[in-house]
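Chain IDs A, B, C and D follow the sequence of writing; residue 1 opens each chain.
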Amino acid sequence: MRAAAAGKAIFCEKPVDLTLERAKACARAVADAGVTCMIGFQRRFDPTFHALKTRLAAGEIGDPEMLIVTSRDPGAPPVSYIKSSGGIFKDMLIHDFDIFRWILEDEAVSISATGSCLTDPAIAEAGDIDCTAVTIRSRRGRLCQINTSRRAAYGYDQRFEVLGSKGMLQAGNHKPTEVVAATGHSVSQDKPEHFFLERYRAAYASEIAHFFDAVVNKVAVRTTIEDGVKALELAEAATLSWRENRTVELAK
Amino acid sequence: MRAAAAGKAIFCEKPVDLTLERAKACARAVADAGVTCMIGFQRRFDPTFHALKTRLAAGEIGDPEMLIVTSRDPGAPPVSYIKSSGGIFKDMLIHDFDIFRWILEDEAVSISATGSCLTDPAIAEAGDIDCTAVTIRSRRGRLCQINTSRRAAYGYDQRFEVLGSKGMLQAGNHKPTEVVAATGHSVSQDKPEHFFLERYRAAYASEIAHFFDAVVNKVAVRTTIEDGVKALELAEAATLSWRENRTVELAK
Amino acid sequence: MRAAAAGKAIFCEKPVDLTLERAKACARAVADAGVTCMIGFQRRFDPTFHALKTRLAAGEIGDPEMLIVTSRDPGAPPVSYIKSSGGIFKDMLIHDFDIFRWILEDEAVSISATGSCLTDPAIAEAGDIDCTAVTIRSRRGRLCQINTSRRAAYGYDQRFEVLGSKGMLQAGNHKPTEVVAATGHSVSQDKPEHFFLERYRAAYASEIAHFFDAVVNKVAVRTTIEDGVKALELAEAATLSWRENRTVELAK
Amino acid sequence: MRAAAAGKAIFCEKPVDLTLERAKACARAVADAGVTCMIGFQRRFDPTFHALKTRLAAGEIGDPEMLIVTSRDPGAPPVSYIKSSGGIFKDMLIHDFDIFRWILEDEAVSISATGSCLTDPAIAEAGDIDCTAVTIRSRRGRLCQINTSRRAAYGYDQRFEVLGSKGMLQAGNHKPTEVVAATGHSVSQDKPEHFFLERYRAAYASEIAHFFDAVVNKVAVRTTIEDGVKALELAEAATLSWRENRTVELAK
């Protein structure tokens, strides 16, 4: 808010804030100041995700009907971090909620979330969970399922797939090399890239180039603070759904 | 029930019945008669699914935590069939509910289902849906997500994956040949096998051999009528969850 | 020859004979008797190879220019077998020579072969080699390379690829299941089918059905004794090329 | 030679020269001057190739026995370039000859090369060919086959595989994204990276970093001018083999 007041261009990592109220106040401050403000949803700039989106928008698989998102970290952060993270939905799934909105170009009407703590009891003691299963219905009746975990022994698992009326587009994991080893046991390839710094290296570079482009050339940013607010709304609704064990309707 | 009364060995396709009450009565009749009764959950006999289950049981990926099931038909049956099918959960997902129980060796405590009709309005007019998104919680806190559709333009899509504490096991689609074509457009492979007769050809052969083995050698069947009843319970609960838009708890 | 003289339909495994002279005499006997005679080049009936050939013939990759054949056994047969096998070119590569003729629909003008004994000195003592590298030029200037080994620790490796003016078609290995395992080490799939009985199970069934069809319905066989003689010519020329360390020209 | 005389560190693209004599003179000049001289065999710095080499050296597949190299350009350069290129073996395969020496850590004892002109008659008129098939025997009896083409409609095809006593390591193509599209026709992925600037982007960066490291920190370069001379020897021998249609023995 100070940056907006000072008329500075803003690059803000997710989430905009841990409370929806303050996030909305930030959005208003940005709008009032008329400054450039970009949210760090770097996944939209990932070469694979971006290519999929482009092909989907070009009609390659017709109308999208279902979106399945798999989003798993290689390991959980320290519990001290988790305690101040806002919970798994605001900390981790906020990216997946943005993927839902970006890929389907649609808004949620209801969300149903559940989760468990299966990897470390200390996470449960901190009031959080480490794996979740979320279902979102969109205005146009499309269905989205998101599954996440704080632990995937095989690395950073970042996939999604869109089922459309004429086919399916899948975004697969990236891996460090294309070596294939065939032995007496199996035929094996590299694990996925280890974590977000490796997987989204190209995305981060493209993202920040876009921000500079927006600032210098007055181009509209592709990930606005409104996108950040919308994703946070979904994160709050998912948290509520999980806590109260019920489907939550979203205001229109 | 007549076959049980007559002391005959029984091979019964799913579902046991469209109502849970009658299915349970059948199970009692089978138990009273002491006859062999096997339910046609042929997927358990699929080479890929069976190998995955065996490796999971051997501890290859530690304790299972999440199960993601993708189950899509190449195209919807005639609406006349749908009208008498018992609905998508009893007709189509009953196989996926059996996969849940078989793979996780666990029972559901709650189920949350939603769905849409996106491919053909006549299905909605018949009171049914053509795509679903289901989430199941198990007694041990494991999470299962199932996504289904009556239409996949690229063929019969039958996959599932299990995330465990030490890794992941995925069951991929089978395809007719291993030809790869590289052209100016892309590098492409065969679509999945067209439908269940092609995909589960080996499974059907193995299943019926198991039935004969059970009858002749008095071996216990691997897919009992109790399995059929349990899957139907999940189908009924899912139907209720979808109709009333709420999470349904399952009796212990 | 006795079967031909008796007017019987003949199904003959490769090679027709270990000497070209006798193989040609057999071909004459078959022609004179006018009986059906089919050679067991079962690979032509493999679903993957057959589909590739069909797509190639349909022009999917334009004119074929290069053919690369990889043909490796999981392990060497006993040396006692090798001693009476006619050598690796007649015993093992004869199938690959048939692939060359069948896929390119062209004949060899020259062949250059070399080899080594790397897996077991007893094979060298028996006068044979266990791995080979062969290059064939065709009448139309197309190039074919064949690499073989008696030992592949990862199973039966049966691949080939055709480079054409508009793309490439590859025939990959078959594997028992479509399970994928992701662990802390790698992402792995099944090894190829173990050996020819597993890999060519479908091919053998299709092959023998074709033979019955040829006998009953007087259909021309797809693998004639002339094909057997031609492949044997290549095997003899390759043996000579290897022994004399020179390129061997083939009679037109 | 002027740079060596001036005591400058030298980074030299392949080939060192089009004649072996002058290349050797350059090597002597470099040795006499004691300057750093690195040859631009960037493929050794490719992440996939480098990882394969490291794993091979660590014994993952036992002793290497066969090496199969596939090296195809997306399209031929202008004939004007071809005329002054030294021919396909010095211009294009020199990289593959270096791969042979680097991967097997062995030297050639004989080489047999053939080729054709299949894509453009103007190349033949210029005295060159556009596709080749080469076989190399190493001192330890290992076999290497190289197949190349000036034209691959599907992009830059840069693969090799090593068969060892305990398994196989394959280096596959890189592709721009990990999008998979499933449609009514096929399941397709991206073509390989278009050409060397795209495929070897990471290799070039790593290569030049290594050169700076060598210059600044007096580290030995990994691709010496001797490597450049040795690869050129193989290119000359291959050219001779092709022209005279015979196996060429290499001096020890």
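Note that contacts are C-beta pairs under 8 Å (C-beta built on N, C-alpha and C of every residue); 3 or more make two chains touch, one makes a residue touch a chain.
For each chain, UniProt lists the protein as follows: A, B, C, D = Oxidoreductase-like protein.
Computed from a predicted structure; not experimentally measured.
Under the touch definition stated at the top, subunit B and subunit C share these contacting partners: A, D. With chains reduced to the mean position of their C-alpha atoms, the one farthest from subunit D is B. Distance between chain centres (mean CA atoms), subunit C to subunit D: 30 Å. Centre-to-centre separation between subunit A and subunit D, using Cα means, comes to 42 Å. Per-chain Cα centroids separate subunit A from subunit C by 52 Å. Along subunit B, residues 61, 152-154, 157, 166-168, 181-184 each make contact with two or more other chains. Of all residues in subunit A, those touching subunit C in their complex are 152-155, 157, 175, 181-192. By the touch criterion stated above, subunit D contacts subunit A in their complex at residues 47-48, 51-52, 55, 60-61, 166-174, 176-184.
On subunit C, the positions that touch subunit D within their shared complex are 61-63, 65-66, 68, 70, 72, 110, 112, 114-119, 131-133, 135, 137, 141-145, 147, 149, 151-154, 157, 163-168, 245-247.
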